[in-house]
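Each chain gets a letter, A, B, C, D and E, in the order it is written, and its residues are counted from 1.
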Amino acid sequence: MTQPVQARSALPDISGYRLVPERHWGRWAAVALIALLLAGLARAFAVGDIEWTYVGQFLTAPAIMQGLVNTIWMSIAAMALGITLGVGTAVMRMSPNPVLQGVAMGYTWLFRGTPIILQLLLWFNLALVFPKLGWGDYSLRTVDVMTPMLAALLGLGINQGAYTSEVVRAGMLSVDTGQYEAAKSIGMTRLTALRRIVFPQAMRVIIPPLGNEFIGMVKLTSLASVIQFAEILHNAQNIYYANSRVIELLIVAAIWYLVIVSILTPAQMLLERRFSRGAGGSR
Amino acid sequence: MTQPVQARSALPDISGYRLVPERHWGRWAAVALIALLLAGLARAFAVGDIEWTYVGQFLTAPAIMQGLVNTIWMSIAAMALGITLGVGTAVMRMSPNPVLQGVAMGYTWLFRGTPIILQLLLWFNLALVFPKLGWGDYSLRTVDVMTPMLAALLGLGINQGAYTSEVVRAGMLSVDTGQYEAAKSIGMTRLTALRRIVFPQAMRVIIPPLGNEFIGMVKLTSLASVIQFAEILHNAQNIYYANSRVIELLIVAAIWYLVIVSILTPAQMLLERRFSRGAGGSR
Amino acid sequence: ELPSRITSRGAIIAAVVPNYPPLELRDPKTNELTGFDIELGNALAAKLGVRMQWQETNFEQMLTSVRTGRVDIVMSGMSDLASRQETATFIDYLRSGSQFFTQASRAAEFATPEALCGKRVGASRRTSLPNDIKAFSDAECVAKGRPAIEYVPTEGSADARTQLRQGRIDAAMQGGETLPYIMGLEPNTYAPVGEPVRFTLMGIAVGKEEAGLQQALADGMRALIADGTYARLLEKWQLTPSAIPEVQINGGR
Amino acid sequence: MSGRPLVSIVNVEKHFGSFHALKGVSLDVQAGEVLCIIGASGSGKTTLLRCINQLVHTDSGAIWVDGELTGHRIQGHSLHPLSEAEIARQRLSTGMVFQRFNLFPHMTALENIVEGPVQVQGRPRRECEAEARTLLERVGLAHKADAYPANLSGGQQQRVAIARALAMKPKLMLFDEPTSALDPELVGDVLAVMKELARSGMTMIVVTHELGFAKEVADRVVFMDHGSIVESGSASEVLGNPREARTQAFLSAVLS
Amino acid sequence: MSGRPLVSIVNVEKHFGSFHALKGVSLDVQAGEVLCIIGASGSGKTTLLRCINQLVHTDSGAIWVDGELTGHRIQGHSLHPLSEAEIARQRLSTGMVFQRFNLFPHMTALENIVEGPVQVQGRPRRECEAEARTLLERVGLAHKADAYPANLSGGQQQRVAIARALAMKPKLMLFDEPTSALDPELVGDVLAVMKELARSGMTMIVVTHELGFAKEVADRVVFMDHGSIVESGSASEVLGNPREARTQAFLSAVLS
């Protein structure tokens, strides 16, 4: 070398010094504090006016298990209805036809604007407005059709559709307009272009929020207990009406909700990762 | 010109032809159909078993107005609490300290994983677990502290905090890491950098979803009726428990919710536009 | 005479909210509907040569359901009140006394209902009990110069008891007929305060125009009293003090 | 020139809001002719191509493609707008290649090419795939049939885009600056494919800044400026010996 | 060279995962010296600068700045890690200018410069603003005090970034390819500011590909390759007459 890079002079040689790792006192104190808090909480729950044997006993009671099943399939069914409506509404909203646009906007406004609990009650009591459905001889009594199950499905699904339509719309807007033009240039009509070209690409943007909404739907079904749909919270309530163990049964329901959400959250992450994979080129 | 650009030959000259505007038959048919449907719906509601005079009479009844006021201020208060907690949790989640990270993740998991109705009931019935709050002489009976109002505020606000923390975190992640480094290079600590540099830039990404969540909160407050918080739906229920006009009172509540949401939605749009303005440079 | 739609269907559809033990509840172990109303209703339908088809609903939907024809009758511990007779006709079959009760540990503090003046008392906001509390408070507290009872609304009677256990309220009120059952479930937790302050009749709610169905149900009920089924079921569900001497139609005031 | 032109543009006007993008443009293109359009940025070249393919609606004037009036049906002395499906059918006679390729990123090269014939023309997939492979060979990409666009270079993507347009068997090909988004070393492959196409007798309208390509391949060159056609003629005339001052100014700026 | 160096780097090692980014680098920089670091992409130049400013933690070795050991406190014969606040304080003696400017986009040029002195050093805003205006004048941007970064050209942004770093009155300035993100016509202004700074006696370490600038301004040039310092000497020695084969190869590649 042309010149000494180093001109070691007044500085001490510390190469032999012992490196003392950081002690993280604050961190350990925080851990201790949190552990103490959790222990205190656990103790309070243990000695508090809560009978843990009831929690254990009812965790797998038939009524609870049946409610769990109803919660799960209703979440899936309502989500399916919501996605169908949401996609339809998003397509209408982006159509050049102002009438369809107006209908789509009105639907979104109305159903996003009213609490779901009201919508459920209105569906369930539809017979007050329409005593019969159908025409003449082919009519059915509304109350025979509008069971708690159907009312819950319609209420949850139609409400979900209003939210999903916005998610789908955002997804469709995220697709480059060049893709529409390329599709048109090979002779596709608007609907074919949407189905074959735009939707498959929009999925990447749509899937993550939809996963969130699915988790939200699992919890939303608990509201259908007001119209006697036998989901898990409703069945837990029926039990505590009979035996007065309110908190215990609420804890049972909470445990199952946490289980479902804890399964769905990583599932959603996997799905997101899958759909964002190999997307490098389209950015 | 070197050469005639045009060699008009066998093609007819259509320049004098009359341009017949598109008739949009389908569009008009759709309008007519929708108008018919809406008219039918209106008629069904008018002649159905609904007493519209009740709706008019109770729309501005004192109990309803007071419920409306409670709904509005509870939405604001719970949202404020939620934002405070959400920001704190997001900062903890992104801290290098694994303990703080763990606490933040646990909080988000627990409160996003359980239905809000359960959380409200658990807060309201906290005295079953903690009969007293405080130590020795300085303790208060939990039931005196945990009024329906406080339980609603805690339930809604803490639940909201779990959701808001994810929104804030996404906002913070959207800020270029170069900004953190530039802040560090002028001697800022992590927290100063967050406060002065990162948050102001994250706001642009945070504001739109937060606006949505605020609208959601207005409707979420209706769930607090189960713990006797006197919001609008609760007061409407009290009226119909007395006079059995269930649907009429539900319609009254729906109208007010729609009014609030119809005011908030354009307000949110304005806010979004303001915050995305002049952002060209930071992309 | 039963209406033809019922005979052809072979069943009476009855609305029930299984949140009022021992009149109606779902057995926590089997999830089956059971209770006094259920067994009495089944016996009544059998007397009339049909089945009883129970349909679970919620409290605010019950009278609405009679109006919309979702159900034929309501048999769910419903009080026969003058205000409700505008929408339905009641076949009365049970007497209910609105009963104050408190925590067993505080029984000495509240020896008589008058001791509750100025205290906090809870009851389900969906029932007529709030009116009973107010009437009692006006007559026995305010009129005699004592502070009024503070009524605390609750979401149901289970909620009222939960709040009583937390000490959020000093006492609660519910139908006296249900107390023995509740006290059997949670021994040494609750204690009644004095005697019921007001008696109401409970009835089967039937649509106002359905004269035939009303008469058939009343006749059937009388037959059940006559053959001893009524007394046997009362006994089984610890309700003997709530028996009524004879079946009335719209006997409530 | 003789016979009916394949494309006949008559007095076309187009405004975007208050901006006058096309000012009475008239132009004929004969079958088998290769026409290059040159001009400064913003002169309306892309807009003209998009009008021919009905991605943009003209304000007035007429465009005839293969003897058919685009966008309207003639009934007596009235013009009725066509439905979306009829416009889609008319577009089948024209293929378009975009500056930014616009391949469908979720489909392989082969699927991109097969998509139109199968979905739009409803032909059997097997037959279309065989044709698509032939087309890929023609553009020199037989080995990339199963690659996704993200894994192709820009020049390869553009050649797939050309094959995709050709798969519909159009009578006319429109190219909008097909090489201007490419790295210099990739331009050659695409131009080679286009030259081969021109030699095979395809009618082509090419918007381009590649004057070398225009000189070599174009039967005619048109120079546009501010929404009008300023000069038109053989490549050697317009590029080598321009008459109009504006054309001279443009060429000296581009060549410097 | 004499006296205590301002920066003394002793045997620094750095791994990123299994990748060995710095291999026992040792280097002294005297007060007032201008040192240019050159080398191929990935040779560890940026990493070395970031170690000096503690944006990256070294695995082993020591870096002394202005007589103070960075990152650790010496207690007897042990080294204790510093807290975040102490590291923030140590960073005050060094200013850093990034390749991509990293101005705060929500603040005007003036606010960008004033932010550090006011928020970190807690000095009165009025006084800092007066100083900031002087600095803006020095980098030739007095008239842009109230412009937001989005409205400044790249070269202007980089000059504001230099002023922002100078506002903290550092003893040492680090530059990481300060002109490589700029359009060619904007490079000159930034280099002019840096030359003026060098002439004023500021100690500077500059990672750069601008060999002309290095020749003109650098007291010393260091060539790095694969995480090691290969050659070091005066600009004319290293750039004009490199001894090492690797340096020769690099220079011939850059100059061609």
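Everything that follows uses one rule, which is that a residue touches a chain if its C-beta (ideal position, glycine included) is under 8 Å from a C-beta of that chain, and two chains touch if they have at least 3 such contacts.
The model shown is predicted, which means the values in this text are computed figures rather than measured ones.
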{"item": "Given chain A and chain C, the chains that contact each of them", "value": "B"}
{"item": "Highest-count interface - the chain pair sharing the most C-beta contacts", "value": "A-B"}
{"item": "Averaged-CA centre spacing for the pair chain E and chain C, given as whole angstrom", "value": "84"}
{"item": "Whole-Å separation of chain centres (CA-atom averages), chain A against chain B", "value": "15"}
{"item": "Chain B and chain D: spacing of chain centres that average the CA atoms, whole Å", "value": "49"}
{"item": "Residue numbers of chain B (touch at least two other chains)", "value": "49, 125, 128, 131, 246-247"}
{"item": "Chain E, residues touching no fewer than two other chains", "value": "none"}
{"item": "Sites on chain C at which at least two other chains make contact", "value": "61, 64, 67-68, 162, 165-166"}
{"item": "Chain pairs in mutual contact under the definition given at the outset", "value": "A-B, A-C, A-D, A-E, B-C, B-D, B-E"}
{"item": "Partner chain C, residues of chain B touching it in the complex", "value": "49, 125, 127-128, 131, 141-143, 226-228, 237-238, 240-241, 244, 246-247"}
{"item": "Interfacial residue positions of chain C with respect to chain B in the complex", "value": "60-61, 63-64, 67-68, 84, 87, 125-126, 152-155, 162-163, 165-168"}
{"item": "Residue ranges of chain A in contact with chain E within the complex", "value": "1-3, 5-12, 14-22"}
{"item": "Touch list for chain A against partner chain D, complex", "value": "176, 178-179, 181-190, 192, 196-197, 200-201, 278-282"}
{"item": "Chain C - residues contacting chain A, complex", "value": "18-21, 25-31, 56-58, 61, 64-65, 67-70, 156, 158-159, 161-162, 165-166, 182, 185-186"}
